[in-house]
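Structure, as structure tokens:
Letters A, B and C mark the chains as written, and numbering starts fresh at 1 in each.
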Amino acid sequence: MKTKRGERLAAIAPFLWLGVFFLFPFALVLKLSFSDQALAMPPYAPQIDWSAGLAGIRAFMSALDLETYARLKSDDLYLVAYLSSLRFAAIGTLLCLLVGYPIALGMARCAPNTRNILLLAVILPFWTSFLIRVYAWIAILKPEGLLNMGLEAIGLPGLSVLNTQAAVYVGLIYCYLPFMVLPIYAVLEKQDHSLLEAAADLGSPPWKSFWQVTVPLSLPGVTAGALLCFIPMVGEFVVPDLLGGVQTLMIGKTIWTEFFANRDWPSASAVAVVLLLTLVIPIVLYQRQQAKALEAGR
Amino acid sequence: MRKGPTPFNIAAITAGLVFLYLPIAALVLYSFNASRLVTVWGGFSTRWYESLFANEALMGAAWVTVRVGLISATAATILGTLAAVALARGGRFGGRTLFSGLVYAPMVMPEVILGLSLLLLFVALRIDRGFWTVVIAHSTCTLAYVAVVVHARLVTFDRSLEEAAQDLGCPPIRTFLTVTLPNIAPAVAAGWMLAFTLSLDDLVVASFASGPGATTLPMRIYSQVRLGVSPEINAASTLLIAAVATAVLIYAIVGKWRRVKELRSEAGAGRRAAA
Amino acid sequence: MNAKGGKTARQRLNIGAVRSKFSPWNDPSAEPLVRFEGVVKRFDDHVAVDGVSLAIYPGEFFALLGPSGCGKTTLMRLLAGFETPDEGRITLAGQDLAGQPPHRRPVNMMFQSYALFPHLSVAQNIAFGLKQENLPKGEIEARVQQMLKLVKLEPLARRKPHQLSGGQKQRVALARSLAKQPKMLLLDEPLGALDKKLREETQFELMDIQQELNTTFLMVTHDQEEAMVLADRIAVMRDGKIAQLGRPEELYETPADRYVAEFLGDVNLFEAKVASLSHPMAGIVIPETTQPLQVWDDDAPAAGSTVWLAVRPEKLRISLDPPPKGAVNVLAGEIWDIGYTGDWTNYVVELEGGKLIRAARANASRVVERPIGWDDKVWVSFDPDAGVVLTR
């Protein structure tokens, strides 16, 4: 209890590492978002003229401005991409919940042995590459793909799903489903069965006790799952890029394009800053929820 | 008032599993298709595996990826374990809130932002991007996951064991090495595995942090996939899936075997005590 | 005690120290509230309830008593509807309950874990059952208030279960299960989670509440003291069957077999042989003494049968002086161990031949002239009506 010096010293290495490779780069993004694009390498201005000393830094500071942000505001494209990201993430999360909740509920109701096997079965695909999982859907959804082969076989007209919003939703659900299923399952699995018996005993039929007891008690799991899906979905790049086609706009893809295709680093940085500001609220919510869960578990 | 699953529950689970495994099954199946077209089954063939192994660019990228994974996972495990120890055992030191925020933030940060910020760092410091920048980037991103896994084990791990060791005269560092570490070893190993897989899997951060000569497998696959479905990629994916499935299976079997052994020795001890 | 001849000596005798007016089970015209008829419940290859027939009368406080795994909880859950019987039937107020799901049965249960809904406040928990009936809001509120008053929890109405102590949770659970005014209240180990002091207080409160509401209570417990204090009648269960059914005094003073005798309280058991029968006395021979013992028992089996003699520790007298000539039922021994509990002193006496028996003496006085000590030579004796002859 007395001296925790050794344990505290353990913090030094990761602290320094994260300071240099996480916190500082972050400040760079912020700085760059106030800079202007330039045809140079690196492709932005101003640069700090270290040889000029303090004057150089002062000159540098005065050259920073909000011009990039003004451009973001005036250009509809960014706003559209931004809003569409939020919409994709919100609807995707909701769909994940609708698909995932029944799975989690079913798993929690199985015998303990079956549960463990099912748990493994749900997690297993997610140890394989994310990219491969998204790629697998291309072969299914493309016009001459497996989906249309199946539809044709039972005499239905083919659909063109690839490069539509529907394909993005399918990809999002597929990739993020376990992030929804696992937290909900964890809560449901711990739920005391005698609570359902008590509800039945007090006159509540099964469908009603599901809404009166099971659902309210699983809300912490649902919140955790929803945030775990929503936060990365907003910044998602691979799914919209591979399944959504050119007309699907999402903010992660915008940053990528600005950066690699347009070489507009300041814009990419500004978009990243805005994206991060949006995510601050759900991230804080998530961390608070986790802290609460940790406390309740004790 | 049955406790077991209802038909609706079973239907939900079945549909869920079909949804999860159908695309993967299709991928594996078509990696053995002799025809280049997805819609046509041209008979069983391993020609795509042959051409995969002949594809030097892909094989080279795979080798880079594995090396990046091994090194970055090891670095992340060391740093993450240290961070977890400080967080779980350090009490309330100054800057703890900042520190824990720093440790866990990379987990919730969009990959695009992580990649972008690291790239800006490398450019600002005039570091040439290549193999080692990818290693640094991956270590930074996966450190948090190791910390979470190890931290979870440390908080459930009975503190009085360490206190007992110190009470018996074991100095702190040796206590950590001889008492704490063996007890949290499964979590450290799991953290390493997680970091390794995440590193193998990563496309976005690697794309930002990488430079000439350090193309990872996901980057290579991505550039091919953008051009459409390729049977060679199917074959590569199948191999990756097989590797993961084997690893998980071994892990599960070893775990089960160990449990059985434990049960047996417990039963043996019980019998001896009874006799 | 004066013991004249007569065939039904046991009925004529007043057994136990309690006289109760309430005994509908002796009234042939009384209609039972609940009837179990040949009920069997199997789990896989294990028979949890094995052909139980039982009648519980309105207003009765009935206890199912037995060790864990004896089937008592299963029997209660069958009545609540959480399990379905494999054979036999259960009727409530003359109606067969088969096929009625738990939420339609007019019985309520207080769970062993209390099963309070953690997301609802105390008042909302109590109101839960009433809301299922779609009662008007005002009525629900009034009933909740009434229940809170009954269990003395009015100030805690807005608390959540995790903010309550064990005893408070127990009261909420009780109030919740009583709120719907069930025809019958089922209590699963109602006091099991409370500490000893609180348990004793709560026992009497539970009795008061039962009297006040005049509801039929069915309790499951493994605690014989709890069952004896609370219940009008007790069914002692063993391996899914009822070993004995009766008032607490009957079970204690005239146990049907060794199992019941040992399960309820302490008992000294001697393996014995019937030597002679001269109504109403039976001469019994035990290996610990050469002198035949005289036990007041009409139903003892024929001479020569192997039986067990059961004598409760508090019915043994212990003395440092040898008994007068001609005294019956005297055993000589040596003090082996003494346990002083304040109200009682328990002596373990080693008889000749090595058998250990227990004798208890109430500490009626603060001062003892000649205290008994370790290794003292003592004589233990008992009245002919203190022992019971058991054939099983």
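One rule holds in what follows: contacts are C-beta pairs under 8 Å (C-beta built on N, C-alpha and C of every residue); 3 or more make two chains touch, one makes a residue touch a chain.
Note that the structure is a prediction, hence the values are computed from the model and not measured.
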Can you name the chain that lies farthest from subunit B, using the mean of each chain's Cα atoms as its centre?
C
Out of every possible chain pairing, name the one holding the most C-beta contact pairs.
A-B
Could you work out how far the Cα centre of subunit B sits from that of subunit C, in whole Å?
59
So how far apart, in whole Å, are subunit A and subunit B when each is placed at the average of its C-alpha atoms?
18
Per-residue overlap in subunit A, given as positions that touch at least 2 other chains
197, 200
For subunit B, residues contacting two or more additional chains:
1
Where subunit C touches two or more other chains at once, the residues are 81-82, 101-102
Could you list, by residue number, the parts of subunit A that touch subunit B in their complex?
4, 6-8, 10-11, 13-15, 17-26, 28-29, 32, 42, 99-100, 102-103, 105-107, 109-111, 118, 120-122, 124-125, 127-133, 135-140, 142, 144-146, 149, 174, 177, 181, 193, 196-197, 200, 231-232, 234-235, 237-238, 241-242, 252, 255-256, 259-260, 265, 268-269, 272, 275-276, 279, 283, 286-287
Complex contact set, residues of subunit B against subunit A:
1, 3-6, 8-10, 12-13, 16-17, 19-24, 26-27, 30, 37-39, 78-80, 82-83, 85-87, 89-91, 93, 95, 99, 102-106, 108-113, 116-118, 120-121, 123-124, 136-137, 139-140, 143, 147, 172-173, 176, 197, 200-201, 203-204, 207-208, 218, 221-222, 225-226, 228-229, 233-234, 237, 240-241, 244-245, 247-248, 252
In their shared complex, at which residues does subunit C touch subunit A?
80-82, 101-105, 107-109, 111-113, 115-119, 128-129, 132-133, 176-177, 180
Mind pulling up the subunit A residues that touch subunit C in the complex?
192, 194-195, 197-206, 208, 212-213, 216-217
